[in-house]
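Order of writing sets the labels: A, B, C, D and E. Residues in every chain begin at 1.
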Amino acid sequence: MDIITTNNLELWYGSFQALKGIDMKIPEHQITAFIGPSGCGKSTFLKTLNRMNDLVPGVKITGEILYHGQDIYAPEVDVTWLRKRVGMVFQKPNPFPMSIYDNIAYGPRLHGTHSKAELNDLVEQSLRGAALWDEVKDRLKKSALGLSGGQQQRMCIARALSVQPDVLLMDEPTSALDPISTMKIEELMSDLKQQYTVVIVTHNMQQAARISDRTAFFLLGEMVEFDETERMFSMPSDKRTEDYITGRFG
Amino acid sequence: DSGAPAEGSGESSPSGATQLSGKVSTNGSTSMEKVIGALSEAFMQQNGSVDVTYDPTGSGSGITAAKEGTADIGLSSRALKDEETADLEGTTVALDGIAIIVNKANGVKDLSLEQISKIATGEISNWKDVGGADAPIVMIGREAGSGTRDGFESITGTSEKCVYAQELTATGAVIAAVESNENAIGYASLSSVKDSVNMVTVDGVTPSEATVLDGTYKVQRPFVMVTKKGETLRPEVQAFIDFALDPANAEIIAGAGAVSVAK
Amino acid sequence: MNTIFFLCGMTAILSVVVITLYMVLSGLPAIREIGLADFLFGKVWKSTAKDPQFGILPFILTSLYGTGGAILLGVPVGLLTAVFLSKVAPRRVANVVRPAVELLAGIPSVVYGLIGMIVLVPAVAKTFRLANGTSLFAAILVLAIMILPSIISVSETALNAVPPEYEEASLALGATKIETIFKVSIPAARSGIAAGVVLGVGRAIGEAMAVMMVAGNVANMPELFKSVTFLTTAVSKEMSYASGLQRQALFSIALVLFLFIMVINVILGCILKKKGGDK
Amino acid sequence: MANYERDETGKIVIPPLSKGRRAYDLLIKGFLYLAALITCALLVGLIGYIFYRGLPNITWELVSTAPSALKDTIGILPNLLNTLYIILISLLIVLPLGIGAAVYLTEYATNRRLVWLIEFTTETLTGIPSIIYGLVGMLFFVQFCNLQTSILAGALTLVVMILPTIVRTTQESLKTVPESYREGALGLGATKWYMIRTIILPSSIDGIVTGCILAVGRIVGESAALLFTAGIGSIIAKNIFAAMSRSGGTLSVMLYVYAFERGEFGVAFAIAAILMILVLCINFAAKLVNRKLKNKF
Amino acid sequence: MDIITTNNLELWYGSFQALKGIDMKIPEHQITAFIGPSGCGKSTFLKTLNRMNDLVPGVKITGEILYHGQDIYAPEVDVTWLRKRVGMVFQKPNPFPMSIYDNIAYGPRLHGTHSKAELNDLVEQSLRGAALWDEVKDRLKKSALGLSGGQQQRMCIARALSVQPDVLLMDEPTSALDPISTMKIEELMSDLKQQYTVVIVTHNMQQAARISDRTAFFLLGEMVEFDETERMFSMPSDKRTEDYITGRFG
């Protein structure tokens, strides 16, 4: 089953075309990785999937993005609902300047959960889901800014989980982290795919090879190739992909 | 009409035809501003090389300035107190009526001194009690220390008992406040009152130059030039005081709205 | 050259020392003569009476209430305007409103006083059916308008400095823009906003001329619709005429005002330093 | 895992934003627009009213004559001049002082505590209200230094008041001068002062100009500090030196005097309109300089 | 002849010792290169030679630096005189924001030359000395900021020459430049050593090997080895030098 489908997606920042005719089907309960050289449009494409690009002034989008068959750019779509279902984790860990508890409870409160008990439950669940519960359960009321970088990133994942999304979009979630934290998060992602669909942008081809089920290679706003990760890295069908993964450019 | 005073001053000047020069600094009462302004303007027209300056700091500061010698002439809009006359000399150069003013829309034309004092103390608080419309009285006065307030309160016997709705720091402000409030009553230097407000007669006497001078209009106070006792003044300073006292210049003072005492 | 520049650098220190010295030296004698408690907590100010009374509680309370009132009115409007400028307004609209705010800051205080006196005071009298419109309320309105620009500009700066990552995170959780602003941006900018408020407090407590023209200047205990005297106007209204103990007492009022301001400055310094420390 | 409501084609059905949240959104948005509207309305109202009342009262006679008590006329020429004199004198004194202090802070000072102290006191000066400047100016310059109520005393008082503005803007622009300029000059054997004179100050001229403009704005609008120090004199002095030693009211002070002390509202509004025009010009000039500043780097 | 001699030079930034007992003799009319890994104290040492370190607050220096036998840290030494004699060129070209002419004339004017003719002469000489005259002679009154990076750096060298120094200190003068500009400046240095003594810091061992007569290797604030360049690169006497020049660390 494909959870997200894009048809001939094009995107302009003003007069600059950042995405060119992208057709992609993102399968449910798998990890899909986007790779490509800097500036090729990976982040841009990721952000169109939960409409975070709406915030950029001067953006123009044509084509379709279907989420469970529903066009997410249709006028009747409530973007807050969409973003609740399609969560996002950013490159740099970005905890709110509040307590760990309040960080995690932020989303649920927003969407109407106010009962103390329910919130406690959700916070614990989410933190467990992000493999952080044991490390922080005694300091939930402390500021989240006091966590280490890796912990902060896992907390951000927990925060994204707290609103019970379907899909998790992650834009280079480990590029600001040390190797050990990176490893923990990679492990976490493999766990997550049991319940969630994960889409990850990475500049690290080894990472894509290690953790993803399918990989898409972007170049200059085009999706050059999209295939099972193993096949892509062993026998890419496009010359440019091959050049890229063998390190000939980028 | 600057021709007339020019001749007069020539006669009264102690140094006769000798050219005066230098600076005369005056300092004090703000309500004397108009009188001093007119006098100094005329005086300087005649004595081109004398510079008369005026610091509107208030009567208290003026008296202090005279005492400390930081100004040649202190200006006070009240008579000197006993303890002040010990080392200061006061020369009354003019009298000033304190007009009782009401809004143009107010029908009240006359008040007795007693009514005024009752209004000031708040005993009478509605215009209907003095023959006006049924409306609250808004008493507008000056700030503590003002010569005008001192004069008004001592003559009406209301010292320390007045209840004000506004205390404003200048004559003009009082007039403006009365002008813009139908229920207001206030007091202001006669010299400054224009026809934007009504002056009431006090015990039937209309405030005017004549009635102030002959004392039938009771609410009045002196304008005093204060100098140090027993000190010979510089010729230009003496000349300026003489100029103010010269009957030939009475018109200048009258033009500024006060009443010259020169005879 | 070093010495010359050093001396220039010392002027600021010297000025503060001289100001403090003069305030304290000229303010203390009257307090000593009147008695600190009688001075600060006395409810009656009759400076020229035969048996003068120098209680400045009415002035202190008026200044506090007046400032409080101005903050109460000015902060919501100011903060919301800042939010509007920083987060909501289309750029073209913001580019019109922002210079307007700057202009508001540039209007001399006497001009505010003038309009307050001519327009506001009669309007207050009419609206609330008062015999007399000069009042604490009129002063509060004028002060609220006068502190608006500083609150807006300081708050806007603070809001603009909120890292966009916070807002992105919130939006990505399905918050609306407004929810994001009020649940994330404003809390994150709170120390800057607090600085704006404290700055406004300083401005309001220190303003003299505009207040003098609308407050009525009677030494009443503060009531919303009565003429009142602020600490600043108490000093300026009688200063010209005062002599002796009355004059000294005025300097004592100024000393009290000065201490208020110094406390506010220190608070402001602390807030700003803490904010700097966060970064 | 959520179960979706789906329509007949298999598309999921997306529920709209909950009523409560939508109402909250709308309400707050309403408040935001209201607040901005209030701010703008205030401004438009204020300025419109000032011009409406003031412009008709600006006559050639008003701006070209001195007031005469004898003829009972009012003119504000002396006050225009006084304003100019006070601006000139204060800037003349405050510029060397303020720039010197800023240069000391950024180029010379090595003692961290001293720097902190100077910056702290400078900040403190910004917070002191003008009425206090007025009082201390009266006590110190007028009485202690025996300058009398005079333009000089007023200007000196203002010097202290606007010192922080000059120091801060100069300091800001000194900090933007690249360190490499300093190294380059010193490496050639320049003394510090030569370097400052030839490289540092010329490179930060824009900031200094901005400071001046801000200071002029402050001086033009100031009343409380000048009332007790420069007074309300309205006589045209023979020259600027004669003017310095006598009382002189600036436009703002005279606005207060004409409105509050004399009830001459026509004149007051005329002055208010003139002041507003000045403020507009000052804001415009500051923008211009700022834009130039941005282009430069 | 040695133009500069240091005896047991030690330098502290606050409590951190950046230079440890350096003894060095810099020969006249030669190019001396300093190499070493980042942070080893090359720049620090260079700057002590014309007392540019005086500007850093909290610096403490012991030992001696003799310039023509005179201790430059002696109290009677006029530091502006010293810096006129011992000129400096920095890593990033730092033209003053004025015309090319005024940039070059800055130094001479500073030291009292005001005659128009003399200045013109000096400017031409210095620019010729820096091999820049032909490129800029028609635009002397134009802003120096309009020059290319390599031209700017040569202009800075001309500016240093304009005050007729003995010694030119250069701190990584080519590290911000492209290869062609670098080559030009290397050629220039070889010309300059006819008249001047040149001391150059470089992070580029090839450069040191190409252009310098003697090379000093610094490590952690110590001068490990100082020898003729050829010998140093062919048979270093210290193990650490060998490790460094063979790329085993740094």
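Here is the rule we go by: contacts are C-beta pairs under 8 Å (C-beta built on N, C-alpha and C of every residue); 3 or more make two chains touch, one makes a residue touch a chain.
Since the structure is predicted, the reported quantities are computational estimates derived from the model, not experimental observations.
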Quiz item: Excluding chain D, which sets of chains remain joined through contacts?
Solution: A, B, C | E
Quiz item: When all chain pairs are ranked by how many C-beta pairs they have in contact, which pair ranks first?
Solution: C-D
Quiz prompt | Chain at the geometric heart of the assembly (C-alpha centres) | solution = D
Quiz item: Hey, how far is the Cα centre of chain C from the one of chain E, in Å?
Solution: 57
Practice problem: Between chain B and chain E, tell me the centre distance in angstrom, where each centre is the average of that chain's C-alpha atoms. | Solution: 82
Exercise. Could you please state the distance in Å, as a whole number, between where the Cα atoms of chain A are centred and where those of chain E are centred?
Key: 51
Practice problem: Calculate how many whole Å lie between the centre of chain A and the centre of chain C, each centre taken as the average of the chain's C-alpha atoms. | Solution: 49
Self-check item: chain D residues counted as touching two or more neighbouring chains
Solution: 17, 21, 191, 259-260, 265
Exercise. Would you please write down the residue numbers of chain C that are in contact with two or more other chains?
Key: 117-118, 176, 179, 212, 236, 239
Quiz item: Hey, which chains are touching each other here?
Solution: A-C, A-D, B-C, B-D, C-D, D-E
Self-check item: chain D contact footprint on chain C (complex, rising order)
Solution: 1-2, 4-13, 15-16, 18-19, 22-23, 26, 76-81, 83-85, 88-89, 93, 97, 99-104, 106-111, 113-115, 117-119, 145, 148, 152, 176, 178-179, 182, 202-203, 205-209, 212-213, 232, 235-236, 239, 251, 254, 257-258, 261-262, 264-265, 268-269
Quiz prompt | chain D residues within the chain C interface of the complex | solution = 17, 21, 24-25, 28-29, 31-36, 38-40, 42-43, 46-47, 49-50, 53, 96-101, 103-105, 107-109, 114, 117-118, 120-125, 127-136, 139-140, 160, 163-164, 167, 191-193, 217, 220-224, 227-228, 252-253, 255-256, 259-260, 265, 268-269, 272, 275-276, 279-280, 282-283, 287
Quiz item: Considering the complex alone, what residue numbers of chain B touch chain D?
Solution: 2, 25, 27, 30, 34, 37-38, 41-42, 51, 53-57, 70-71, 168-173, 175-176, 179, 192, 196, 252, 255-256
Quiz item: Which bits of chain A are touching chain D when the two form their complex?
Solution: 67-70, 76-78, 80-82, 85, 112, 164, 166, 195
Self-check item: For the chain A and chain C complex, residues of the former touching the latter
Solution: 50, 52, 55, 57, 80-84, 87-88, 90, 92, 94-98, 106-107, 110-111, 156, 159-160, 162-163
